[in-house]
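For reference, the structure is listed below as C-alpha cells.
By written order: A, B, C and D. Residues from 1 in each chain.
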C-alpha cells in the first residue's frame, strides 16, 4: 500500500480518536490494533492479506446466529418472504439490545454438512432478500433500528435464483435501505461477498470485523478472469485488497471491530462481546439523529464513495489529477 | 327489497343529485335510469336479478382492455410483478385521461379461447395482485391517481395460487390501497367476484356499471353450499342480491354508471364514453382533496360498512335493535 | 411433546359416533378419547399425538390471558339481516340457533387483557358460531379491537378460526375484508402492532384480510390456512393436491407464516413477542 | 420487421474472421454482412433476422435524441487507480488503451437531451469501454445524471450494456452499487422518474443496482439480463440451463421487465413514456 493510502489510514485514525466513534473498553483495544495495523501497512505482504481471507472463511468462525444468541435478548426469528419461500440462508428476527428492540438481518452459513446444504452455504436467494425487505419495512413502521450482519460468499448463482430476479432483488433491497428513516448498522462478520453482501449493507454505519473480508469478487473468481486460473488467488487477493484495514483506508467502512487475539473463532463469547459493544455504541451515536437527517447522511455517505479525476483533455489521461475529497 | 332499502336508495339518489357526484351529460341519464330502477325496486323478481348476472357475464361484454383503449390516451401496458411472473389476468399500465396521467389496473378476461386460457378467465394469481401493488406504489410516488376496473369471477382457486399466497396477496393489496394518498376510483365493469374483486376495489369512489354484479360468492357456489345443488343458482342470486341497485342501497357502492340501452355489449363505444365520463367526473371531485384527508375518508368509508344491532341481553337476540347509521 | 398419559381406560369407553361424526372428545388423528377436564387441562391438545382440537373463544382467552385480566368489549353486538336472506331457512333463525348452541353473540370475542403481564388487546374467533364466518358483527368487533388497542397503546393479538365470509350478509360480508384491513392500517399508523395467531381453519375472507396483516404471524400445528379450501380447488381444477395442501406446515415452507407454535408454547411465545413490541422495547425485562 | 434487403453482394464479401471472432459487421445469428453505413441506417439491427448488434454510446444517443439536443455533461471524468491494481498488466495501462480504442473517457456518456421533443436526461453505457464495467467514473456520472434530471425536473433515460463491476477498482467498484441506488432514490424523492432500457448485456453489478430501479424497464430483444451469467451458473451449479436462460424474453415471462422493445420502436416508445411522466402529465399532447 502506498504512502497516500497510509495517509488516509492515519487520517481515519485521527478522526476515529477525535470523534470517539466507538466508545468504551473496546475502543482503546481497537485503536491499538489499528495502530499496529498501520505500522504494518507500509508493507503488508500478499501472504498477510491472504491470511485475512482464510480467517474470514474459517470453518469455526462464529456465524450470524452464534452472535445473535449472545448479543440479543428475547430473540424471535421471523421466517418467510410472504410470497413464495423461506430462505434459510438469510436470518431475520427481532431481539433486544440493551433494552431496545432491534430488527436483525444476517446471512447464515451452516455449521455441519446438513445445515450447510440447507442454508446453501450462506448464499442468499432473491426470496431471502425479500424476507429481509419485509422485516425492514416492519422495522420502519415500528421505529426499530436495524442491525445487519453480513456473511456470504455471494448471492446464489443458480438458475432458479436468476429466474426469481436475483439482480432486481439486490437492487431493491439497497433501495429500501436507502429509504429507511431508522438507524441501520451493518457489520461484515466473515465474507462480504459482492452484490450478495451490499444488498444488506447500505447502512448508516458500516463496520467490519478485524479478520473479515469485503470484496467485489472472490479472489478465486478474480484470478480465473485475469490470470485464467484460480491458482493465482493469493495474488488476486493481494490485488483486490479485501481486508479490513484497506477497506477502512478507502473510506468504505467506518470502523474495524476488534476480534479476540488469534481470530473470532478462538473465543466466540469474547468475539460476541466486542461485536455487541460496537453495535451498541454505534446505535447510541445514531439514535439522536432525526430520521430524515439520518437518511440524508446515509445517502450522502454512499454518494461520496469512489475515486476519480477530472481531465481537461478528453482523449488523453489527465496529467493534472484532482482526487475527489472524501 | 324492503321499504328500508328503498329509503336508502331514495336517500342516495337525493344525495347524488345534491352533491352532483357525477356531472355532465351522463348524470341526467344515470339519474333517470336510477329513478326507473327505484320504481322497479319495490318488487324485483328473481328473474330480473338473474338477468343482471347474465348480462354481467355476457361473452360480448367489453373487457378492461376494450375500455382502456377507448378511454385513455398514450396507454402503455406494464408487465410483471418484478419477482416471479407476469399474470395476464391482471392488466396494469399508465395512460392519460383528459391530459392527466393515471395508473390503470384491471382484470382481463380473454375474448377467444386461446386468450381466455392465457388470461385464466380473468382469475388473478397472487402474482397479478403483486403486479398491481408495484404499479400502485409507483403511482403513489409520482402522484398518479389510480383507476381500477374490476372484472373477475374470483381469485384463481389453484394449488400454485395457494402456495404463492393468494390470501395474503389479497389482504396486502387492500392494505396498500388503504395507504395510498392519491385518488382511487374503482368500477365493477362485469363480475365483481368476492376476494378477487375487493383486492383491487378499496377505493375513494366505488362505481358499478348498471348491469355489473358484485358478490361475496358466485350464485352457483352459494347454491352448492346452501341448497346442495348448483341448479338453484337463480334462487341463490335472488338471495345474494348482487345487482347494482341493491349494492347501492346497501351503501357498498357510491354510484351506478349507466350502460347503453340493452347493455354494454350492444355498443362498446357508447359504454366506454359513459364509463370514461363517470371516471373523469369522480376524479375531478377527488382531485381537490389533500392526500391525507383522502386516505382518512377512504378508510372511514369502509369502516362504516356493515349492519348490526346492539343487544343488552347477551344470550338472547335483541328486541331493541338500533341499526347503525351509514 | 408432553409425556404420554395412560389413556387405556378412556379408549375402552369411546362413545359410538353419532351420524358418522366422531365424538368431539375423540382425537380424529389417533383415536384417543378424553374426558372434558382432561382435554381442558391439556389445552385441548391430544397428549398422545399432539393433535390440536378446536378451542372455543373463551377457552382460548382463558388459556392465554393472565387470570382475571380479560375485560370483554362490544359483547352486545348482534347481527342484523339486511338482505332478509332466506335459503332453506331464514338467516335470523340460524342466528338464534347459533347463539343458543354456543352462548355467543357472534363468532368473535374481543377485549382488553394481559399476557405474561404485558397488557394487550385480544380478538378471538369462535368456529362454533356458524363456522366462524365473518359478517358485520365480526368485522365491527375486530375494528373496535383495533381502536381499543390503539387507544391504549397496546398490541393486538388476533386468534382466528374461520370458514370465511358470512354469505347470508351478501356483499356486506365481503365489505368486512376492506373494513378490517383499514382498521389494522389505522392501528399500525397509530404505532400499534398486531400478532396474528392462525388456528384451524383460517380461510377465505379472514385469511384474505386482517389475519394476513399481522406484524408477526404464527400458526397452530396442522391448521388449514388457505384462501380456497382443498375440496373446491380439487373440484375446480382437477389438480392433484399435495398431501399437506394448505396446512400450516406448507405455509411456513412457502414463506407465509413466521412460525408454527404449539398451543403449549403459545403463551410464552406471545409474551416474548409482546415484550418486543411494547413501547419502551424493554417491557417486563 | 423491415423488408428484407438484398444482401447477396455483401455476403460474397464477408471478411475472414480474425482469431475465430466474426467480423463485427457480420450478423452472428444469420451470417448476413453489412457495410458500416448500412448498419447505421438500420440502427444496427440486422434487417434480415432482427438481431440487435451492439451500439456504441454515441450512436445510441444519435438514434434516440432529437437532432442537436444532446449536451454532454461530466465528459472530463477519468478513472484513477486507487488500489494500484496490477494483474498481468497495470489498470492504468488498460485505461489508456480503452480510451484510445473507443475515444471514450469511460464506459458511460451522460447529458441533457430531448426525445420526441420531451426534454430528458440520458445516461448511456458503452460496452466497448472495458466491457461496460462500472467503476468510480461510471458511478459518478450516473449520479450526476440523476442530479441533473432532478435539477431540471425531467425524466432520466438510462441505457445499459455492462458486464458488471470494474474489478480493478476493488471494493470501490462494489460501492458504485449503493452509490447509484442512492442517486436514483434521491431523484425519485425529488419527483423524478427513470426509464431503464436494458441493452445486451446488462448483468451483475449494473443489473443489481440502478438498472433495475427504473419506473419502467424495457429490454432489447435477445439481450442477456442476468446477475450471474450462464457460464458461471453452469460451472458453479452443474445445472442444465434453459435455452433462453437470462434472455430478455425469459425476463419478461418471469415478471422482471415491462416490455421488449425493438430498437426501431424504441424512440417512439420512449417518447410516449416520457410524455406520461412529464410533470403536467400532458406534455406534447
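In this text, contacts are C-beta pairs under 8 Å (C-beta built on N, C-alpha and C of every residue); 3 or more make two chains touch, one makes a residue touch a chain.
What you are looking at is a predicted structure, and each value in this text was computed from that prediction instead of being measured.
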Which chains contact both chain B and chain D?
A
Measuring between Cα centroids, what's the chain most distant from chain B?
A
By the contact definition above, name the pair with the higher C-beta contact count: A-C or A-D.
A-D
In angstrom, rounded to a whole number, how far apart do the mean CA points of chain A and chain C lie?
42
For chain A and chain B, let me know how many angstrom lie between their CA-based centres, rounded off.
48
Per the centroid of Cα atoms for each chain, what is the distance between chain B and chain C, given in Å?
30
Multi-partner residues in chain D (2 or more other chains touched) are 254-256
Chain B: positions in contact with at least two other chains:
82-84, 163-165, 168, 172
Looking at which chains touch which, would you call it a line, ring, star, complete or other?
other
Can you list the chain A residues touching chain D in their complex?
2, 5, 155, 157-159, 161-168, 170-172, 174-175, 178-179, 194-195, 197-199, 201-202, 214-217, 222, 225-227, 235-236, 239-242, 246-247, 250, 252, 298-299, 302-303, 305-312, 314-318, 321, 323
Residue ranges of chain B touching chain A (in the complex, touch as defined):
82-84, 126, 130, 163-165, 168-169, 172
Inside the complex, what are the residues of chain D that reach chain A?
75-80, 82-88, 92, 95-96, 99-100, 103, 105, 135-137, 139-140, 143, 165, 167, 169-179, 181-186, 203-205, 207-213, 225-228, 232-233, 236-237, 239, 241-242, 245-246, 250, 254-256
Chain D partner contacts - residues on chain B that touch it in the complex:
73-74, 76-86, 94-96, 99-101, 127, 131, 138, 141-144
Under the definition above, what is the set of chain D residues touching chain B in their complex?
188, 191, 193, 215-216, 252-259, 269, 272-273, 275-277, 280-282, 285
